[in-house]
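Two complexes, one shared chain (chain A), two partners (chain B, chain C).
Up next, the complex of A and B:
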């Protein structure tokens, strides 16, 4: 089960993921990102502080947006990944395709730099 | 069935024989007395025969009428009426005959009069007995223990009187009084049982009244006939069977008349209220229809239609509509004698008047909105009643009933419709639950198929070599994943190995797994560089995989001539490797994105070929994340460390033994045979 919170900070959208993302809850993640994209945010930060686990289905959701975000010039940065979660991204090779930072500050900074 | 038919015939025959004997013995007795002779037959014979005749005929009707379950109330009355009709016709024919004979000797002969009188009496008794059996059925409809006892007492009393009549001995006046009082009391008690009247509908009530009237007419006619007959005979001689001395017949007739009159009056007074009863009955039937709609193979749609129909007919609404939100959030409106536009107007009008939360689906209470309707001049309706339809405490729709009259709905109607609405809600909830159960069953069936497919895609035999041995293990979870492994010999000294994990579960995963197998078998043969293999696989899969699906894979080419392994890791779990002579294993860290992650030429930049040389005794363990992510009861994962440790502990054993040990450790760790994700591993050991 996952709890997803969306909040806006300046011109950036922050999606906070709390709990575990498996095959069924990956749909919620998909919806959340789709909404943020649909509402026209150019900077999307994904807060993974409280993300305990992510299954391949959840990773598939992130993967599926890579192309779309690039085309629309939207910058998504993940931050605060737990070691285990980060490892999952790493093994799959997603780490090289997504922007991942340590904390929110750095994530915001990167988003700003990219959008300039 | 045969037995009862035979009994009916026997009873009829018995009564016929008894009557013939009765007729002739009575005539003989009368004739003898007229001539002043001693009769050839005993004087008590006619009385005995009458009793016999009564008993036989009683059983005849009992068998015919009481056992027939198909008869309803009007049928019963009709039977009595028909019996009466036939007997009256026979009697009238006789009367005509007497009339035609005029003042001839025969017509004035007392013996002939007795003959006619006896026939009429038999017809009367016949009619009375038919009525008695029918009345019994009417009285005993909805019987209680007490009622049955009362009837039994009544039967016994009747029989006693009959016996007394037959013996003909005089009885004490006081005793007779007691008997009369008891009989009178029983008669009144029994006559008070009129429950059957309530079950007649309006038309049946009228029919019953008419039939009862005719029954009275017959009775009076017969009494007139036998009375006048016995009067004439009695003038000449008293030596005949005078029914006026026969208590049984008189009492029986009294009973038939009293109950008949009671019934007549009760039916008459019930006439005005019968429509109410009918309406109630219809409500019950409608209610049943709604609750039973779940049992038949009807769908939600028909529940809505039944609800609409039943509600309208129960409260005599002039129009109605039902607005429903379907499972797929689609709005649907069912109407009855009102156009969708008209209902829309009313809804809009109510909204304009700030009647919040009533017709919209957020309402939870039944409300009478009639007062708001008064201001809508364009509408022909003056009363409206709205009800929510609830499923799992959530309002899924609104039922609105309309009348052209102002204040057209009373409290009673509100209650009925709210019961209907509740029942419809329950039915719909049941439908949805059933539907879910079906979906679930279908999904399970699909998984079974997927599992079979997945199993059949895995190789039954792995490629072996003089230089190394290879074994594999696979256990699939209920919710099938898409783990795949395979081997292929390219030439005498090169063998290709693959292990892959398709994201997602179920049939799609099994389907992608089969694609991966196809790709492996066609590309691996071409002896491609591992990176090139991945590059081409990615290209091939770009158009097959869904947007959010990918496949992680590791591809190896073992060259036994060069003694090296060239491999490429596309997002798959890192290989666990152990060099001979070392006492600990390690994971091969390298770069590589899963297949489908980058769906363009760009993928080239995310994949690489690695090469390592192997020594005899080296061990390589390939596995899927189902193994490393397997959890124990505390929620801890088996993890890379435990996997490496298991290998370390068995480094000197054969490939098969190593694998068995790892799997044993894995199950020991999780403590259960139930697995959440497929366990797949392939172990390669280079021979020393």
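Up next, the complex of A and C:
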């Protein structure tokens, strides 16, 4: 079960993930990112502070957007990953394919730098 | 140590599988990072079976067994009715291909192979048994 909140801060969209993302709930993450992209946000921050678990189904959603975001000049930065969640990204070597930062301030800063 | 868990093939039951594995490993004082990785591998294996072999039919069941034959060896068995979904036969897609083809699947097999030390299959009395071994 995952709860997803979307909120706007300055010109960035923040998607907050709360709970666990597995094969039954990854569709919710997919829909949330699709909405943010569809609404034209160029900076999307994914708040993972309250994300307790992610399986390959959720990681696959992030992977599936890499090219589309690149084509549309949209910058997505994940932040606040717990160690056990970060470890899942590292096992797959995803840390090099996605933008990941420690906290919201650093994530905002990176999204801003990438977009200028 | 001998734990057993029976569950219907609905993706909504994956959380129950994770909780079962997590509890069993914590009871055996397995460190948190190892527990997280093993829980992930079992979730991946069970969701693969539920989706590809059982088409998420909740009337089909999986049995999960955990055993610790020696101090640092943990064995996880997933038993079902004769499905064959041998991940050793699947080639792992490259990360480049996954990104390029915008595929959402294919990462799970890579995760399980990275986390577990051995992945074996056998059939016994009409049942398929997938045995995952992890040395801790």
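Worth a mention:
Keep in mind that, in the parts below, the second predicted complex is superposed on the first by the 116 of 116 C-alpha atoms of A that agree within 3 Å, B and C clash if a C-alpha of one lies under 4 Å from a C-alpha of the other, contacts with A are read in each partner's own complex, and residues count from 1 in each chain.
Note that in this section contacts are C-beta pairs under 8 Å (C-beta built on N, C-alpha and C of every residue); 3 or more make two chains touch, one makes a residue touch a chain.
Here the structure is a predicted model, which means the values were calculated and not measured.
Applying the stated contact rule after C-alpha superposition, one finds that A:1 touches chain C and leaves chain B untouched.
Contacts of A:113 after superposition: neither chain B nor chain C is touched. Residue contacts after overlaying the shared chain place A:23 against chain B and chain C alike.
Of the two partner chains placed by the overlay, chain B and chain C both lie in contact with A:60.
More residues of chain A lie in contact with C than with the other chain of the pair chain B and chain C. Once chain A of one complex is fitted onto chain A of the other, the partner contacts of A:83 are limited to chain C, with no touch recorded for chain B.
In the superposition on chain A, no contact is made by A:71 with either chain B or chain C. Within the superposed three-chain model, A:93 lies in touch with chain B and with chain C [touch as defined at top]. Shared interface residues of chain A, touching chain B in one complex and chain C in the other, are 23, 26, 30, 56-57, 59-61, 63-64, 66-67, 91-94, 97. Of all residues in chain A, those touching chain C in their complex are 1, 20, 22-24, 26, 30, 53, 55-57, 59-61, 63-68, 83-84, 87-88, 91-94, 97. By the touch criterion stated above, chain A contacts chain B in their complex at residues 23, 26, 30, 56-57, 59-61, 63-64, 66-67, 91-94, 96-97.
Taken together, the chain C residues at the contact with chain A in this complex read 11-12, 14-15, 18, 32-33, 36-37, 39-40, 43-44, 47, 50-51, 95, 98-100, 102-108, 110-111, 114-115. Only residues 501, 503-505, 547-550, 552, 570-574, 591-594, 596-599, 606, 625 of chain B touch chain A when the two sit together in their complex.
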